Every structure is written in C-alpha cells, then in structure tokens.
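Shared chain: subunit A. Partners: subunit B in the first complex, subunit C in the second.
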Partner chain A sequence: MPKAVKLALLLAPAFGLVVVMMSLVIWRAVAQSFGLYNFNGEDLLSLRHWAEMFATRRYWNALEWSAYVATTSALITLAIAYPLALWLRKPFAGSYLLSALLKAPYFVPGLVAVFLLLNVIAFHGIVNQALMWLGLTDRPIRLQNDRNGYGLIALQVWKQLPLAFLLLQGAVQAIPDPVLNAARDLGAGPVARFRKVVLPLTARAMQAASILIFINVAGDFTFQATVGPTRENSLATLMVQYQGTNYGDWNAAAVVGVTLMGLSLVGAVVFTALVQGLTRAMERA
Partner chain B sequence: MPGIDIEGVAMRFGQVDALKDVSLRVPEGAFVTLLGPSGCGKTTLLNIIAGFLAPTRGRVLFDGQDVTGLRPEARDTAMCFQSYALFPHLSVQENIAFGPRQKRLERAETARRVTGLMEQLGLAPHAAKLPNALSGGQQQRVALARALAVAPGVVLFDEPLSNLDAKLRDQVRTEIRDLQRRVGFTAVYVTHDQAEALAMSDTVFLLNGGVIEQSGGPRDIYFRPRTRFAADFIGAANLHDGPISGGAMDTPFGPVPVDAPDAAHRTLCWRPEVVRLTEAGALSGKVAHVAFQGGWLDLFVTAGGQTLRLQVSGTHDIPEGATIRFDIPREAVVVLKDGANA
Partner chain C sequence: MWTLPRLQTLLASLLTAVFLLWLIVPFAMALLWSLVDPGTPWSYPDILPPALSFERWTLMWETTTLSTAMFNSYTLAPVAAVTAIVLAAPTAYAFARIDFPGKAAAQIVTLTPLVLPGFVTAVFFASILVSFGVYSRYGAILLGHVVLFIPYAVRILTVSFAQVNQEVINAARDLGASGWGVFRAAFWPVLKPGVLASFLIVFILSIEEFALAFIVGSPSFTTIPTILFSYLGYDFIRPNAAVVALILVVPNVLLMLVLERLLQSANPANVSGKG
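== the complex of A and B ==
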C-alpha cells in the first residue's frame, strides 16, 4: 500500500471526522442562508434572505456591535496579559500563586462568571451597596447592562485573560536567557530587547491569542444576553432570536450565522496583519 | 583593548559561595582561560566580568576604571555563549549586524564589518540563512562574528566549543586563537577541557570550589602543579606519598629522585610522559596493562600493590606481563604543597 494512502487511512478516523462534521455544518448553514433546507416552506435557491437581512438595521447594528466588543476585548486582554507574562517570566516569591490566580477564570463556567459579576455590579450588588454606604450616591446606579457595554467588555476580558496569559507566558518563557543576554551584551537596552527580540519571538503567540479571543467573544451569547446593553444585540443573540425565540426563521438565522463565521475569518486576517505589521514596524524602528 | 583586574570578588547564591575572594589580572591583549570542573565558579566569574551578575563583594576594573556597577550593554565586552544564543528569527547577516546597529554605527561601516567578518569566517554563502539551517560549527562562527562585529575590547567565551565534535573543536580552537592575534582583543575563555586551556592560553587560572587553585602559563601549570587537585585535574599524574631522604623518596618501584630537602612526609608528582625506559633504570615494575593510543603507549605498571601510568612512544612493542626498568628525571618531579603533612 502506498505510504500516502496508508497515512490518509491512519488519519481518517480523527481528522476525517473533524473535516466531515465541519464541512457539513458550514455547508448546511451556507445552503440554508440561500433558501435551501427551508423548515418553513419550499426549498428555493435564492438571495432573498441575504437581501432582506442587508435591509435590516438590527443586522448591521449586531455586526458592528459584535465586531466592536470582540476587537476591544481582544486588544484590552492582550494589553493586560503581555506585561503580566513578561513580569512573571522569571519565578519569584508568590509568582506561582499569581500565575494560578490569573488562570482561575478559565475554570469558571461562563454562566457562573455572570452570576458572580451580577453579585458585584447589580442594583443590589456589592459595589452599589458600598457606594451607598460610603454616601457617594443615594440610590443604586446602573452598572449592569450599561449602554456602552463596559461591564460586558470587562467580563469578557476577565474570562479571556487566562487564554492570552497561557499562550503568551509559554512563548515568553521559551525565550532562552542567553539570547536575551546576548542582545544585552551587544548593546540593546530593555526597550530594544523587547522590540527586537521579545516581540518577534512571541508574535505568533500574540497572533494566536488575539485571533482566539476575537472569535470567542464575537460568537458570545451568554455574556451579551445577561450583562450586555439591552438595546444591543450580538450576532449570536440575533441569530437565536431569528431561529427560535421570536420568528422561527431558520434561513435568516443562517444568514446571521454565516455572517458570524465571516466576521471570525475577517478578524483572524486583520489580527494576523496587525501583529505582523506591528512586529515589522517595531523591528525597524 | 582593556586589561582586566578582578579585586576580591565574591559571589553568594543563597547559602552557596560560588566565588570566594577571587583576585586576578588579565593583561591587555592576553588570552586567559578560567579552567575548572563544573561548579567551580568559572562561569559565574565570566558573568560578573560581562555584567550579567553583580558580585556580592569586590570590584571589576577595565583599564583601572571600576565597571562593577556598569550595565552589560555599556561595557566594552562581547560574549560567545555555550549555546551560541543566536537570534533565531534573524538571518546570519542580521545576527552579525545586530550589535553595530545597536551601537548606531553608520550603515556603510556596519555593512563593511558584516561583509568582512562573513568572508573571514567563511559565512558569506550562508548570509541569508536562519540559524536553524546551519551546522553547529557554522553557528559557532556566527556567534563569534556577531561578537567581533562590535569591535569589543574584551571577548568572553563561555565554553564555546563544548557542543562541537572533537575534530571541529580542534579546528575552531585554532581559528579563535588566530583571530584573537589578528584582530587584537583581550580574551577570557571559560572551559572545563584542560587540553583546550593548555593549547589556547597565555595564562591559565585553575579554579576549584570558588577559589583560584593555581595560575600560570600552560607549561608551568602542567609540569609544575602546586596542589594535588591541580596535578590531578590537568592531565594524568603519578603521585607518591612518603618521606624524602637523601634527595629521593623510596617507593615500591624504587627511589624516585626529587630536588627537595629531607622531610618526614611529602607528596611527589610527575607526568607519565617524562619517563625514560632504560635497562639501567633505577625503578622497575610489571606491565599490568597496555593501551595503544596511536602516537604513544599507555603502560600501567604495578609494584607493591601500587600502579603507575607511563607514556612511551607508540613504536615500542611491550607485552603485558613484562618487567620494565625506567628512570624519572629529577627535574620533572615536583613536591605538592597540599601533600599529607604540608
């Protein structure tokens, strides 16, 4: 048996399953967005569902909102995780405890995290009670479901931080000490060492972290539905609304679903370009 | 090209003293080696000279100027690391140009140095390659070129040949020494390989347990070891313990001549290759084992339950079990200072 065929057969059970399942799901969503697999009527290949969706303000708002929350969350998470990973590169007293604490949110399920946050920021939550007890306000202020989505972004950052930290910490710790010492020895100060050695050697981890966070947050339903602004929809919440809660319109939901996949793809491309551009610019500077 | 003075340097890691009050002088343009076993403090001392470590006590001076508190990037040094420590994301050319760019040299000067060093070290055909596409020897040459590109006054070598095979090690060893003479820099070389130290150095500092056990020229440190550790660590040595009387020490092999006054107890040392095989020799023993080494024979000779190692020309044909007679030149026998009653 040729080696290539043997390899393909060996990989088939695992790799094949993933490819088949993914292809089926993607094909089904795309086909449904163009009128096929219609649960409410006749199957008819058409651009109607896309045209109707493009004419809907809610769709564009949801796309914009999802892109905004995902981009902001990814950037803020990286901005926090990178310095922490650098700081904790070398062990010191208490560094293991700090690392463990930073990873803790990863083990808290999303809904439990929401419940915990609500205890803190709800009308009757700890923050409002403290503000009132201190006399800073005479009635509770709106922290939950705030207009700008600050609570939502804060929760996303808290939840995504361990992922970014794990990826960046691994990359930062993989840089051998002699490589940094060599740069130092050749005249590179702390800033030059970061720009010319640390950043290029951790760019892939940063790229992976930013893309994964963007995709995770862009597809979020739970946090948006519970602590997000009530007047905004994410693509995920909009999709669920179309699919079940309000309309039972599977084709419209499929359009939103395909849009979400497209947004994830665009996010991946943009963050890849952004990280590579930043790395090149820093190396040249 | 500065000379280096180490004055009373000590280094403590937690409860461990890595260096204890070490003082030494490296003359301008000299090639000195810090030699010793693992954990003797040689790399710690090199890192202190480079500025990567701040000593617990003592001073480091370059040309009389105290540089103890100076950051590594501000010192006139460049280091060749044991692991090469090349920048994995930069090509050979970019690795070599890293230092000159950091020192803000003009582009033309940077290019001139990079091109010159690549040609000098045979790296020109590999200019665009990344380090992981090079062999160990080539990577070592890139590390050397990168260090020399900043035209440092002092080059520090941290066991740079330990990852190379024996033949390549000999070749790169000669290249480093030639380059040091041609380019002109003060070199501090760390190794645990005594052959490397003897072949390359103007001066060898032998370290043991954080102190300098002995220092001197390669010949001096090899033929005139002062301590049992120095005798044993550098090459093979034959040792005898006992009293000296009438210019000799009585041993099971016969009287070993020594140029020393009578004493109740001393330790004598001589190298295996100083032996002369002669029918009229004053010493004798039975050949227990013969090891042919090509250019020479290692003879393990026994008498009275003791064993000596002799080295003679490889052209000799001496069977195991034979009894041989030999002489040891008086001037080749030294009295060790840390002998039993010293």
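== the complex of A and C ==
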C-alpha cells in the first residue's frame, strides 16, 4: 500500500470525521444565516435575515450582554487565578490541599453548580440568613436572577477558575529558579523580576486562559437560562429561542449563531492583543 | 514574631477553610433537600428538615422519567466512549509515529469541537439531522458525542502511542511474533492506561453533556442533565433537583478521581520504564 493511502486511511476515522462534521456544522450555520436550507419557505440567497436581525433590539442587547459577561468573567478569573498561581509556585505547608480545592469546581458539572448556588442564595437560604444574622439587612434580599447578573458572573468565575489556575500554575512552575536567581543577583527587585521575567514567561498561558474563558462564557446558555437576569438574553439563549418551538426560525437562529462564532473570534483576537500589549508595556516601563 | 512562612500557612489554612465550607455546605444542603420527607415539608424557619426519609428517592424513581433518563445516559456513554477510542486509535497512531507534512496543523484542527460554542454545534447539527430526515435520537446524540469528545481520546492516545518503544517492536518481530503478537507484547502494555483514561474521560463528558442532548433530544429523549435542567427552570422543584443533581455528580466525581490516578500512571517514566 502506498504510504499516502495508508496515512489517509489512518487519519480518516477521527481527523476525517471531525473535519467533515465540523465543516458541515459551520457551513450549515453560515448558509442558513444567508437564507439557504430554509425550512419555512423557499431557499433564497439573501441578506434579509441579517437585515431583519440588525433591526431587532433583542439581538444587540444579547450581543452586548454576552460580550460584557464574557469579558468581565475572563478578567476577574485571571485577576484571582494569577496571584494564586504565583503564591502557590513553591510548595509550603497546606499548599497542596489548597491547589486541589481550587481545581475542585472542574469536577462539578455546570447544572449541578447551578443547583448548589440556587440553594445557597435562595430567599431563606444560608446567605440571606447569614446577612440577617450579621445585621446587614433586616429582610431577606432577592439574590436569585439579580438584575445586574452578579450571581451569573460569580458562577462563571467559580466554574472557569480551575482552567485558568491549571494553565497559569503550569507556566509559573516552569520558570526555572536559576533564571529568577540570576535576575536577583543582577539587582532586580521583586517588581522588576515580575515585570521582566515572570510576566513575559507566563504571557502565553495567560493568553490561552483568557481566550478559552472568553469563548466558554460567551457561548453560555445554561447559566444564563437559570441564574442570569430574566430580562437579559445571551446569544446562545436567544439562538435557542429562535430555533425552538415558539418560532422555528432556523435562519434567524443561524444569524445569532454566526454572530456568536464571530464574537468568539473577536474575543480571541482582542485578548491576544491585550496580553501582548500589557507584557510589552510592562517590560519597557 | 510572625515569619513569612507562618503567615503563608495561616493564610492558606484560612482560604482552605473557606473553600471547604464553600464546597461542603452546598453539597450537604443538596443531600438534606433530597432526604426531606415529602409528607412533612422543610420550610422557614426550620433550620433542619423536620423529618428525613428516602421517600423522595423512591418517588422520583417510580413516578418520573428519571429511570429512563438514567438508562439513556448510561447506555449512551459507554458506547460513545468505545466508539471514540476505536475511531481515535488509527489517527493517534499516525500523529504519534508517522511524520507527514501538515501534522501540527492537523492536530490543531482536530481540536475544533472543543472551541466551537456547544450550542452552535448542537443547533446546526440538529438542522443537518432535519435535512437528512434522521429521527433516531439515540443514534444522533451518540454521533454528536463521539465527534465532540473524540479530540480528548486522540490527544491521550497520541501520547500513549508515542511512548511505545520501537526496539521492543523490533525485538518481538525478530522473535517471530505475528501482527497480533507484536501488538500484545509491545503496544498493549503501554497503551492500556491511555485507553482506560480515554474511556473514562469520554464517558464522564458524555454523561454530563447538556447542549446536544437538550437540542437534539428534547422533549422525547431525556438524559440526566436535561431532566435536571427541567427541574431548575421556572418550575423549580428543589427536592427533585437535589436528587438528580446528586445522581449526576457523585458517580462522576468518583470516576474523575480514578481518571486522575490513571493519567498520572500514564506518565512516560512509569510506563516505558519497563522497557
């Protein structure tokens, strides 16, 4: 058997399957957003579905909300995970248990996390009781589906923290001690060592973590549908509404779906630029 | 006097305590809620449920679709895991042991199911099913899970195949081993932890997967996550949700701990050390 044929046969079952299925899915989304595969009428290549969507307020609100929640969650998660990873670089008494606990949310499925949170923040839940006991409030506060989405963002950060922590911990622990010692011997203080050694060497991990968190959160349906503010939609919940039984408008859903893929791409580009810009600015400063 | 290490340990124990509370309290509450006796409701201002029983569990088993959902989830997951491993193995072999142009790019492309938003994949996969007139929910979700999680199997098995020692293969051949003999002597001992780890990860992810099961399966085909979602929505039935949440999370956490062990034992130093 020629080598090329053998290679193709080896790659077909997994690599081939992924390429075929994923291209079909992406093509389907793009094609339906431009009016092809229309289940409610004739296929007609047109910009009509995009134009209709651009005139819909709900669409822009959902786009804005998804971008806002994803950006805030990514920034807060990094702001918590990065110092923790630096702090736990060298093992000390109790650091292993703490690292293990930080990774625990990774084991908890999203829907279970939602249930646990709903339980804790319920009207007569433990958080409200504690607030009343501490005298911070005399009546229980409505914490579920709060209007500002604090509960939603908190849950996202909780769920994404293990990913950020794992990536950053790997990068921080990979910095060789001699490099840091050399910097110290050359007279670099803690701040300078962080700026000129640690930050550049962890930039790639930070970039990867921020992009993955942004994409994960931007595509969220479950958390928004259960603990998010009831008057907001994420792009995913809006897409499912259009596709679902009430509308059955697959073309509109496709416009929202393609927008979501676009938002993920834009997020990846922006966070790459942000991390690289930050690293360069800190090195020069 | 406070020294830095002592301060560190103090801070670490404080954070550990907070995180432990943060995990233990919600889980304890979930367990309590699942054990609330349906006859005597637990309401404010009772601090603990007035009566505990397994009534809710038996009630859920007998009167809801929970048993069907569990049957569906637990028959989908192992089949998806085995299918993913069988399909992933040849590609992993090629990635690990054959040099070809574009290999790095092919490896990255294999990861696309992981970065595409889950609900986009689910909705337009469903759209394709409509066009092709596929009505088997089981088959459709099975195919979806295989595609979604095959990247994990490919990655783990690529590492495993790379660890297989060429000299052992050659030695087995020189001693006259057949193809099957070479596989048993040189490949299988090294591949085994990777195969088990792939099985577990695809199994766990398939049990937990919500987007595809929800979009493609609802309303007729339920899995454990879709039934949990239905109890979290506008008809939030807390004791029912508590039961389903525990059924979903407890087996998976145990399997995850096994997986951690396996991934550590799949470490090259441990496996290829025997030569």
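FYI, the second predicted complex is superposed on the first by the 263 of 285 C-alpha atoms of A that agree within 3 Å, B and C clash if a C-alpha of one lies under 4 Å from a C-alpha of the other, contacts with A are read in each partner's own complex, and residues count from 1 in each chain.
In the analysis below, contacts are C-beta pairs under 8 Å (C-beta built on N, C-alpha and C of every residue); 3 or more make two chains touch, one makes a residue touch a chain.
As the structure is a prediction and not an experimental result, all values here were calculated from the model.
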item	value
Subunit B versus subunit C as contact partner of A:93, first or second or both or neither	second
Touched partner set for A:188, first subunit B, second subunit C, both or neither	first
Subunit A residues touched - subunit C or subunit B, whichever exceeds	C
First (subunit B), second (subunit C), both or neither touched by A:200	first
Partner chain in contact with A:110 - subunit B first, subunit C second, else both or neither	second
Contacts of A:46 with subunit B and subunit C, given as first, second, both or neither	neither
First, second, both or neither for A:178, with subunit B first and subunit C second	first
Subunit A residues within the subunit B interface of the complex	176, 178-179, 181-189, 192, 196-197, 200-201
Parts of subunit A lying in touch with subunit C, wherever the complex brings them together	7, 9-15, 17-19, 21-22, 24-26, 28-29, 32, 37, 39, 87, 92-95, 97-98, 101-102, 104, 107-112, 114-120, 124, 126, 212, 215, 218-219, 221-222, 225-226, 236, 239-240, 243, 250, 253-254, 257, 260-261, 264
Residues of subunit C touching subunit A in the complex	5, 8-9, 12-13, 15-16, 19-20, 23, 25-27, 29-30, 33, 43-45, 86-88, 90-94, 98, 100, 106, 109-110, 112-113, 115-121, 123-128, 130-131, 146-147, 150-151, 153-154, 208, 210-211, 215, 225, 228-229, 232-233, 236, 238, 241-242, 245, 248-249, 252-253, 256
Subunit A partner contacts - residues on subunit B that touch it in the complex	50, 52, 71-73, 77-79, 81-83, 85-89, 98-99, 102-103, 146-147, 150
